[in-house]
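In the two complexes that follow, chain A is the common piece, with chain B as its partner first and chain C second.
Right, the complex of A and B next:
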């Protein structure tokens, strides 16, 4: 027994558990680590996120704020210990309404809901707001959670589509059960006995040289192993884009950002957890540092990487026509300078994972969006052949782009190789916010012109983006932004340039939209200027200039299946209603409140920009007739597991529930690329469609039927139906391949794109998605606060493979777009927690009306386009334009529009 | 770390008197546990006061209310009588953190945390609340505004702790209100907070008033001059404008990521006027 521990008896759901613990230990930790109640999630350890919400004597509490001694004698309930009809009903309702996306916040949300529902069986929306105000969700935008709780009594619509009818049906998430049961295994949840704990010693400086002292003596005295850069057996550089790998797994002699790891400490959890890392022997020599794109680009800025003069990581550009001449000859010209901030992904699951050795293979189970990249980069850093590293993605408690970079993988891999023991790492909230990537801050200047008729004549754009200490996905932003900067509008004369600049801020990487949401703020704000100048209604102005079928983009690509016009047309009636209502409200307003409405559009190319990004899907059928879908696309809550299964099932002619999912797992699933660039539904979906068709052909070859309506697994084989004809295909006893399958197909799809030339001309993407959103807001002129009342979102998804998942993406994207517009500003060194860095709560979320437009894409699977990133692009500019409509203030050129910024602008305007 | 859960107030003061520099009183733990994690320090001694009889009670006395130091803020809202008499104090207490935090945090803890942005403190100051302190040398009672001495610092002496907050009865025709400003809907630290308490004369004019301003100085400001601008008035527009102007004037905020100096000075005036209107209306209904 360790010093200071004492016996404590905890009563959980009526059962007593006698344990020994330090009395001041957090109840959340005790419930998870001692009692194995892992539905209790740890998101912040500060009462800010509510992921660890449990019931204590029937009342919701954050288990992270309760010392275990104070829980003695109380009745504790966690999601996995609740077994009553109300909870069963709630779980079913969460599944039916799609209220769990990544699922990490779901147990806490449900516990808060249980407290409410026990007292109030049919709560109002306001009561749900009140009860859930302390639980953060980053995926859903809360709307589906509210629906699931309020509509508990409404019986679910049965959605078990017939064979061939899965696509287009709002089928339940195929992997949803574990999320609502609280049994899903996230990065921190798999902990075999004897697992060692790894912690990182991190830099307290933004930029510094350092010398390590006698680390082995320090470690030996504390009974821990210390690992440093010298212990990294392979090439100590990782990255995301070939040729630009620049980030050491453990820093060597110099750190370039606050929180960069300089050593690992490995040992028994009860030793490592309380260790004071402040005594670690390291001498720091701080260097000058830069934190913004302007500071990083300054002539006298400290240089981060020797081979990147001027701190310039990369430049990108797209040029077509004669933009300067066109602007000079324009009837109206609008110009402006816009700034955006670092934005934190703030998924509720901080990075976590475990590594172990399986014979001579290093197995890593951690949260990720890119298993194959993790495998390749980890193998390189650790000096292992790729086939000696196996990545099993843990369920991801949110990703939104940041889990496309390596995090714990090389660190726990190194610790496991060094010790031979399973090793895990669980980042604290502040570590996660220090060391994970961010949305690029941008400083953008743009100029757009139009004729007297309102038609766009030309546009110029330049954006400097702060890419932080290491390259990460900076190059992608520098390319995507110029390609998309025109917005989804006809722009014959165009020049857009972008530069990614290093600073000592956190590395900027991938975050839902890769810079396009920032650029859309500039373009859509200037469109409002032009519409006003030309005296044209703001929606009509966008409709006039909207891209249409057969138009060419600024890259010279001819487009087909463009549904933007249909989106804007679908919004027209809402626009007129909202215009009228806002005018009426303002006419009667005597106090400080004014209403306004705004509109903005989006487009977004699905898949990598002009680079190959293939996906491969394998389907095998066992002799017993079991159909196995090897699906390697990581589902981070968006629904890839479900959508890919729907497409494969329909293409094959099998009923949805005949397919059993395998993977993702680099040992079991072929490469489906990264869950990025809104590519999984399109690219992996297309591979799934091809694999489904190939499977159907293989099966049909074993019959003499001319065609088939449906295939179903039966005992020992398959049954094929064609009209009244039925034939069985016997598989039992047939020869199997090396994977044990009687029939196996594997199909690969890679989008038909071309590399862009020096002027950005070419075919960067094979499929684009489109959308437009209206924001209705209410501004308090005296306080500078903005309340978003209603968002109306029309998105062209080509074909809604799963309408419920589509709406889930829209609502979640709007929540993040609202945060970008109004409250989210990550300040390095000052906001590494969830009470100084604010994300929207349930009370901030407006009503959302989602409209799905289906203009089929000729290339997408069954006409489908991507959606995940598109959804947040128009939100911020629509809100900004609505604030301007309410206040008359045109100078909203910095996001977030914090109240003090809006007040200053209102004062300046007056 | 030593963890004690004494049964009497005397034991608490004795433990605190004998403890080292890092000795802390634990009630809800919503500040202490977070600080221990963030600042990565180990406490020498934690004295849990939740087991002490009466410490978790709200007591109606002949001339007011006594709120034990371990009473969670949520319990204040559940007390109908307290909510009727001191709605502003209760609202302030129920703005701290989230629902889960309110189930644990206490107004005594909020006071002793000595944050200038503490939500319940301006409301308590406006209410004329008193802190009853127990210590090795017995008990003493002081106005709540005497406890915080600046961010993180209190006037409590070695061995002392607050055993209860005393809210006096405000008398007839009284009302109070608390408003705070945060950039999102809930769960945030006050950028500005204003508590107002006032009592009307029989003719409906304001006979007495107290105004307290939070997060616009190193500690909560009791703005006597601001209160004077509305005494004798019926809270007409000139009175409200004067109130707002004086509140802005006496504020000495800092600029940080949550707001500039100018913004905080302006907002404190807007909120003071809005809070005064609510308190005035409540007093009229009383």
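Right, the complex of A and C next:
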């Protein structure tokens, strides 16, 4: 019999390692922390996500579920230790197919694929599903992963474009290698020796006053330091919108949501990790709480913030024409009330990061979408000048909006200031789900009218949105929703209002679409009602009302470069085919299965709503001829690093691989703003285009050529070609600036928008993107279950800078839209894990046909528009409309349409 | 590391049983329920890890029936060559989490965890399964139906080890079938599930065993439904809500409400019965 004192020996890829960890320790921890095998990612510690999937004796296991003692004597393989030609092939295939976006799930996905491919070299899609069913991916929508595995033998498409030809080419992501190698450094992956561990003591109540006991004695007895709000040296309030900062880094005397931190515990990892925080001396005095927008808005609701009566954070509105009169005079009017749920971002990487002191500068390397905001808000909380805080974004294992808010940054910063030592924090899955922001739940009422000819006459809309405990991005939702609530359709008479209501639920923040996906459910559902009432085909009805060039929005803005009509036209043949196929299936159906099809459109303004949001790009050339692109836009998997480089390269006339990326890093890169609002391709891309052009002009100034076709770096300088003419620009030995560059350019771009007036009139965005999607679904009438068979998505991207990345965004957005429609419902206090909170698995993802429409935008860089958020807006309404088509159900008023909800609707209909 | 909790990994049942005579051991096997129940990085408590006991793994057939070692993993059950009656258990195994869970989780652990939604219970109820428990006091057997008494409640004494699951020879006749209903594919906890084992001879149902899970505190056989089917032609329409409802006591939870569970149970029972009575190609 073996006992706990016997040391465990692990065999990893043939090498033996003596392990000092306790035998009951999770193998994932041992591999990461003791053996430094950090391709093994921790997403949930519960076997729910598969990020830690490794091979044990050739078979896939979640390393988090395996006590290290059980691994003794077995052959363990991880992505970085696997020396197998198959793996090299798989990595290349993942790169070629764009199968890794943020990359956090990639090692687990690949390990599961290795087991499959060893047994089945040419697997079917169904076999890939079976093998990968236990690994969650939140970015890709799984399609590219399936392609990469099934098309392993297809020779790689070599796309190394000529100088000036990078834009439009489906080039591999420039930062992809580390993602497929498992060497990418995420928030939890950089751990220098001697790093202290930080844990938060969190509230077990939704709303409570509290008094701390003798925390220093408690800490001293356990050899840890305790930090509370009293230790916060600066202003203990952070936020995202100037003037509305309301969230304490550590709660002061009252907590407003479940899981709010009231203290930090800092110390040696082996002391802090096993500590029972249940003994922490704090006395709770629970208060009444609200969890929904209706509860928060009630007259007797507990008030969360003194200066926000009625728990109203903010209201937004857009009014044009005479909506009530128009509706009263309409031939057809459709009205409805719609509810959506809290939706969790569920990125596979829980929040994590490390802070250390570099001389007197506090350096923070953590997952983020907004490094400059992190710097400014952390500096404020910690009472430091901004230039004494440096943010180096770690690779983000998914973001989707929630990593726009501060998470670990002020906490590990405080711990590092207090101890002088490197301090790290890695949230558990439940901490992440408790303390991160969510998509706003909404209760929306809308009324839309049309004439006998099907033309929209007017619309009214009101939405109450549950903004949770703190402001976060609630104001953005309250403004974006009224601006977009009409959908991309001509609506002359319009009134849309929105209210963000506080509750004691988790703070609602930014989540891909800022409230627009919720509003689109209401509008697109009513459009189906109107099309049916008017006797017009549902696609034709949308085409009839679609915004066109020269039309004005409900904000009074004249639009140009509107590609919605082209999207709908591109879908028409698919619509007719799908209509026919569904009708044929249903005519022959004898069992419980029925098919249906649905369609919905989207539009979405790129960049901040009527507020400045500049980006600055710097390019420098060293005397050795090295071209350095200082790119501060955080790439959270969507591909900013690649797209910005493509634009800069073409604008400069340089080949893509001549550019070396620098940053993002607040010490090295100028501000490129936040990775939000689908703004990086457009806004930072525009700055990159300007910087590239400026660089080209600077280089041309050093020649006497009239123009150039291409520039290439050569030893000690650059070579410029114009037709048959070639000139070299020597840089070696030239004088350099303070950054060491012989040539340096820096360009800034800020979208030309205007603030909106009291009725929401103005120019909120300078660029919009458009799209439309068809859903084909199969519903089991008896069980109320829905299977999405096929999504056909046409998106007007203006110019597809990188078509492969565009398709990746579409497929990933569809997966999230599918979750919103069918399964995702975060219930505070009940679903803080990934087995009660469900996101789509590989088995839920339908086939996707992506169609890229390129109607150039007059303002966007090389005609490009944003895409990141647009893609999920039409998905849920298209699916809901397809379910109604299949079932005949009059209305689906609440998402997600869980089986019991759909079944109740079918029962009610019958 | 912190204070190392005792961790035993015996290689024989008698060693494990001897250890269990002392207090406070937590039995660990696949750990697919133990680890998710804690955020800790180390399994809490004194651990008796039975995953190294070879005699507790594997499936044996003899005249008395079929014996499945309690530490047999779902993967082994899914891949085993078993009689058609066992098809329900194999189908259930394929729906346990995803492959990573099936590669670790054990049948005995599934029973001892006693979740109302345990995938292994309805199939084993249709197979009239018995569990075998060992302690220094001796060995005993009892019906699975008596072993699981409530949600997370079993009749195992603290010094006992669940060593094996027996399916009597008489229960190895007929065709098994299983259906699980969840809100997504893979990695999903059942809203409801149904197992069936049906024998049809000369166009008549001669044997019917049907069980429903996730629709009450414990999975349950549907005696009234079974009785209504025996002797009749295999027609799912004979299965009525009136015969099912009294056996169920579903709850409302994050996955579904109780009215839906009742309704879905009826649909699933009919479909699973149909699965089991279809002609199976040789």
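Operating definition for what follows: the second predicted complex is superposed on the first by the 904 of 910 C-alpha atoms of A that agree within 3 Å, B and C clash if a C-alpha of one lies under 4 Å from a C-alpha of the other, contacts with A are read in each partner's own complex, and residues count from 1 in each chain.
Operating definition for what follows: a residue touches a chain if its C-beta (ideal position, glycine included) is under 8 Å from a C-beta of that chain, and two chains touch if they have at least 3 such contacts.
It should be emphasised that the depicted structure is a prediction, and the values quoted were computed from it without experimental measurement.
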TODO: Please indicate which partner A:21 is in contact with in the superposed arrangement: first for chain B, second for chain C, both, or neither.
DONE: second
Open item on the list: Under the stated touch criterion, which partner chain does A:29 make contact with: chain B (first), chain C (second), both, or neither?
Closed with: second
Open item on the list: Let me test your reading of the model: by the given contact rule, A:241 touches which partner, first (chain B), second (chain C), both or neither?
Closed with: neither
Open item on the list: Let me test your reading of the model: by the given contact rule, A:273 touches which partner, first (chain B), second (chain C), both or neither?
Closed with: second
Open item on the list: After the superposition on A, what does A:151 contact: first (chain B), second (chain C), both or neither?
Closed with: neither
TODO: Using the superposition on chain A described above, determine whether A:74 touches chain B (first), chain C (second), both, or neither.
DONE: neither
TODO: Kindly classify A:178 by the partners it touches after superposition: chain B alone (first), chain C alone (second), both, or neither?
DONE: neither
Task: On chain A, the residue positions that both chain B and chain C contact, one per complex - done: 4, 22-24, 26, 45-48, 50, 53, 59-62, 64-67, 69-70, 112, 130-131, 133-135, 274, 428, 430, 592, 782-785, 822-823, 825, 827, 830-831, 833, 835-836, 838, 840-841, 843-844, 898-900, 903-904
Open item on the list: Give the list of chain C residues in touch with chain A in this complex.
Closed with: 1-2, 4-11, 15, 19, 28, 30-32, 35-36, 39-43, 47, 49, 51-52, 75, 97-101, 103-104, 181, 183-189, 191, 254-257, 259-261, 263-264, 267-268
Task: Residues of chain B defined as touching chain A within the complex - done: 1-3, 5, 26, 28-30, 33-34, 36-38, 40, 42-43, 46, 48, 50, 74, 97-101, 103-104, 181, 183-189, 191, 257-260, 262-263, 266-267, 270
Task: Interface residues, chain A side, partner chain C - complex - done: 1-5, 20-26, 29, 45-48, 50, 53, 59-62, 64-67, 69-70, 112, 129-131, 133-136, 270-271, 273-274, 428, 430, 592, 782-785, 822-823, 825, 827, 830-831, 833, 835-836, 838, 840-844, 898-900, 903-904
Open item on the list: Looking at the complex, which residues from chain A come into contact with chain B?
Closed with: 4, 6, 22-24, 26, 45-48, 50, 53, 59-62, 64-67, 69-70, 112, 130-135, 274, 276-278, 428, 430, 592, 782-785, 822-823, 825, 827, 830-831, 833, 835-836, 838, 840-841, 843-844, 898-900, 903-904
